[in-house]
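These are the structures, in structure tokens.
One chain, subunit A, appears in both complexes that follow, with subunit B as partner in the first and subunit C in the second.
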Partner chain A sequence: MKRIAAVAVFTFRELVRSKLLFVWLISVVVLLGLAFLLSILSYGDILNIFMDLGLVGMEVSGLMVLILSLAVTYTTEMDQKAIYLQLAKPVTRGEYLLGRILGFFLLNALVVLGMGMVVVGLVLFLGGAPVPTLFYDCVVFLLMEMLVLTVVGLTFQMIATSMVGVVVYSFFTIFLGHLTGEIQWLLGKELAPATKFALQVVYVALPNLEVYNLKDRMYDPTMVLGLPQWEEVVLYTIAYSFFVFLIGWVNLEKREFK
Partner chain B sequence: MSPAHPQSALLKAAPLAILLLFLGQAFLSARLGRWVHPEPVEYSQAVRMDKRVASTLRAAAFLSGYKVLVGHAFWIKVIQYYGDSFNSLDRYSKLYDYCSLASDLNPRFISVYTLGASALAFHLRRMDEAIRLLQKGINSNPKDQRLKLMLAAVSYQDSGEFDKAIPFLEAQIDQGDAPYMLITILANVYEKVGRYGDAIKLWQKILRESDQQEPRIRAGLKLQELYGLEKSGKKAKP
Partner chain C sequence: MLILVHPWLIQILSLGFWKNPLKGELSVADLPCAIQIQGLSKTYKTGFWLAPKVSKALKGLQLDIYENQAFGLMGLNGAGKTTVIKLIMGLLKPTGGNITVLGGSVSDRLIRDQMGYLSELPYFSKQHTGRELLEYFGTLHGLSGKDLRHRVDEVLELVRMVKQAGERVSGYSKGMMQRIGIGQALIGKPKLLICDEPMSGLDPVGYKEMRDIFIDLKKSGTTLFLNTHILDEIERVCDRIGILHEGELKAVATMTKILETSVPVDYWIDVDSGEAPKFHGLPFQAAVQKNGGVQISGMVLAETLALMTSRRAKIKGVRPLSSIVEAYFLQTIGAHAHLRAPEGSRA
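On to the complex of A and B.
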């Protein structure tokens, strides 16, 4: 446990030192500025629009930092062989991967929660309106989504042979992960068996990111979010993350560093 | 790494664990899929607007997972479309399609239905489209009272019972930040039912608060007309 924590802290420090948080600072200003502009240009409940766009901003900045940090660390770890130093220490490869996942997730949580605090602060103190409870649920769901994508991204890092590969695979996972509802709809239509099989594979193998997309349903009066839903979402997050982590770990164990 | 490490046992069991976890997550994903989409997704067909624009927007929204963001951005485009007087040449023929698409992208955003239906019913007199848009809104937001009230108001407007539309319009304007169009509609309804004093107050409000030339000129002309009507005690033409 100590070794995992040591790798996590080391990874977190490495990411902070690589100035990735500047990206976050820029995205806070740009995305929240955009959210403010769109909400005053639009007609309707300005605070609702601002909160919707604030949540989008939180997710976008989290994803941006995640993908950039995956790209940056691939260059240092794999291309510049910094991983040799880590693996030469008394740390197993499984502990190393788990530590890195935790380090990445810490940075992502910092980014998402930091932006969330800015949004809540602006709504409370400038807008003078209460923040709906569901907003906080959205933030927790967003954090679970970031955890799944962090595990997936780092697994890609262990499998891919280039930095471009890691970025491209991660992008496609994010895009296709949001299409699960539409894939489900397509599966209900009459399709060629091969197409249907391919869609079924995509549907079960990719992370169902729509599960975490609570921000699109924040004002849905028919939505039910009770303990059973929470349990299922948390279980799904754990099951999917652990499933992908194991694939990454097995790959890392088999990988030869020359 | 020492081969006797306890983690090596877990590593040996990894293929089986991967298989079990895969099945578990697939099962949970399917269960949660039904929670996310309790009913099959239905999308309206664009009739008068370019189908490619509708498809591209839907694709951008679903691929990125930011339906709400694309919906809000497109809603601004709808407002611009309705605000551009050039589009009045074809009586804002695409307005229903635009509102319908905006509501597909952001079905919980009530303003799409209220503003869209107000424009379609009270300004453009396309009652069928206004009622269809409101029904769509009520289907997506079954607990929202505003949409039900508005559907009633539009139905009264359709049947010529203007006085019954007044409470809905007043409630909308009392919420604040009402568009100019909605205020003029209420002022005209007041005039139609003979409540000149209330109509005058609203036109005075427009004259006082509007920052554009055209509404101010219109308000000035209407006020002259209404002062005359009030003085002579005449009833307005239905």
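On to the complex of A and C.
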């Protein structure tokens, strides 16, 4: 555990200091600018629009920071071979990978929660009304989505042979992961068996990011978020992350460092 | 008569054996092995999967590295030296054969805890300070709290990086990176230290300091495995050397053995041009007249010096034109013939 924590702290510190948080800062500034504009232009549900914007901002800045950090660290760790000296130490490759995942996730949690605090602060400041509980649920779901994508991204980092590969794979996984609803809809149609099978494989292999998309349903009156829904999402997050972590671990064990 | 003689020459001519204070006569047969390499081979596959190209980096390497000794691996670029080190460290997987390190496998965490490794041109995350890096690597070795801080201070002192320890690595020179690289290799007090080109990027002072570190480590019982191009480092530090050429181990010998072997080293005898008439009738008279000295083979060095002194010539100095290890290396890989081949003789 001590070694995993050491790798996580080392990774987190590296990411925080590599100016990636400027992306987050820019997102906050854009959000504040939009909030200011909306307060001038709108008369209606300005607080709701602002919370919606905040949630989108959290997701977008989180994803941007994740992809950029994957790209930056691929260059350091793999291209410039900083990983060699670490793997030569008495740390297993599984511990190393888990530490990296935790370090990345800590950064993403910082980005998401930091933006969340800005939104909550502004809502309280502008409206004086309490922030709905569902907003906090959305933030927790977003954190789970970030965890899944962090595990996927770092697994790609262990498999890919170039930084471009990591960025492209991660980008398409995020993009297609948000289309799982559409894939499910297609699967309900009459399709050739081969196509159907291929779609089923894609559906199972891709992270189903739609399960974390609570923000689109924040104002849906039929929306119910009880314990069964929570259990389903938490279990999916754990199971999918664990499975992808195993793939990454096996690949790292097999990987040769020429 | 004034004779200024290179120290190597004194060792060879007057003492008759290599007088490195670190070495005695070695009886390697009884020494325990730190690394045992048996039938090690490595093949790289490159190119497209439909038409892969195969290159054999190592061909059945057989090598024992003894405990408490310094071993130097020499070879031309592309000979397979770095591949050997990466295979020992488990960064590459062998195609055939096996490696035993400190009585076990390198995949065992406890074995790796007793090893230190410095890669060629080490690279670190530039966002950390030197101290933070050493603390991180120390933690991976299981150190913590006071022990960790104490060990980091010790290592920073050892690699002369105390003043720069608080600065970020992004501001470090190549030599400073190399020092931190050595530092991280030493942080766990390794029994076995494996270094790939440890002198890269070091200035002459750093080079000397690093060599002193190796000598001290060896005195304290650390086994050293050095892969280097710097022959001086090998001569001064190593007890045994191995010569790798095109993936094959061409020779392994103790330094004592190399010095006993009659390797053709040329020497330069520095004589004033004005002394040339004293060599009337001798084949090198013209050379002395023209160049102020003469280049002769080590095989006839003693005779030539005796001849010169018998004619009361003032010899200003004698120095080898190449080191004995270099000569041995070139002879072993057959490079003498290659280097001296007339232009156009190669296809």
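Throughout what follows, the second predicted complex is superposed on the first by the 245 of 258 C-alpha atoms of A that agree within 3 Å, B and C clash if a C-alpha of one lies under 4 Å from a C-alpha of the other, contacts with A are read in each partner's own complex, and residues count from 1 in each chain.
Everything that follows uses one rule, which is that contacts are C-beta pairs under 8 Å (C-beta built on N, C-alpha and C of every residue); 3 or more make two chains touch, one makes a residue touch a chain.
Please read all numbers here as calculations on a predicted model, not as lab measurements.
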| message | Which partner chains sit in contact with A:L179 here, subunit B, subunit C, both or neither? Use first/second/both/neither. | response | first
| said: Which partner chains sit in contact with A:A6 here, subunit B, subunit C, both or neither? Use first/second/both/neither. | reply: second
| message | A:T92 in the overlay: touching subunit B, subunit C, both, or neither? Say first, second, both or neither. | response | both
| query | Regarding the shared-chain residue A:E232, is it in contact with subunit B (first), subunit C (second), both, or neither? | reply | first
| Is it subunit B or subunit C that touches the larger share of residues in subunit A? | B
| said: Contact-wise, after the overlay, does A:N213 reach subunit B, subunit C, both or neither (first, second, both, neither)? | reply: first
| Which superposed partner A:L38 touches (first subunit B, second subunit C, both, neither) | first
| So which bits of subunit A does subunit B touch that subunit C touches too? | 92
| Where on subunit B does subunit A make contact in their complex? | 1, 5, 7, 10-11, 14-15, 17-18, 21-22, 24-26, 28-29, 31-33, 35-38, 40-41, 62-69, 72-73, 75-76, 79, 108-112, 115, 141-144, 177, 179
| field | Complex contacts: residues of subunit A adjacent to subunit C | value | 2-3, 6-7, 10, 13-14, 17-18, 76, 80-82, 84-92, 256-258
| subunit A residues within the subunit B interface of the complex | 38-39, 41-46, 48-49, 52-53, 56, 59, 92-95, 174-175, 177-182, 184-185, 188, 203-204, 208-211, 213, 215-222, 224, 229, 232-233, 235-236, 239-240, 242-243, 246-247, 249-250, 253
| query | Where on subunit C does subunit A make contact in their complex? | reply | 44, 86, 89-93, 109-110, 112-113, 115, 117-119, 122-128, 132, 136-137, 139-142, 144, 181, 184, 188
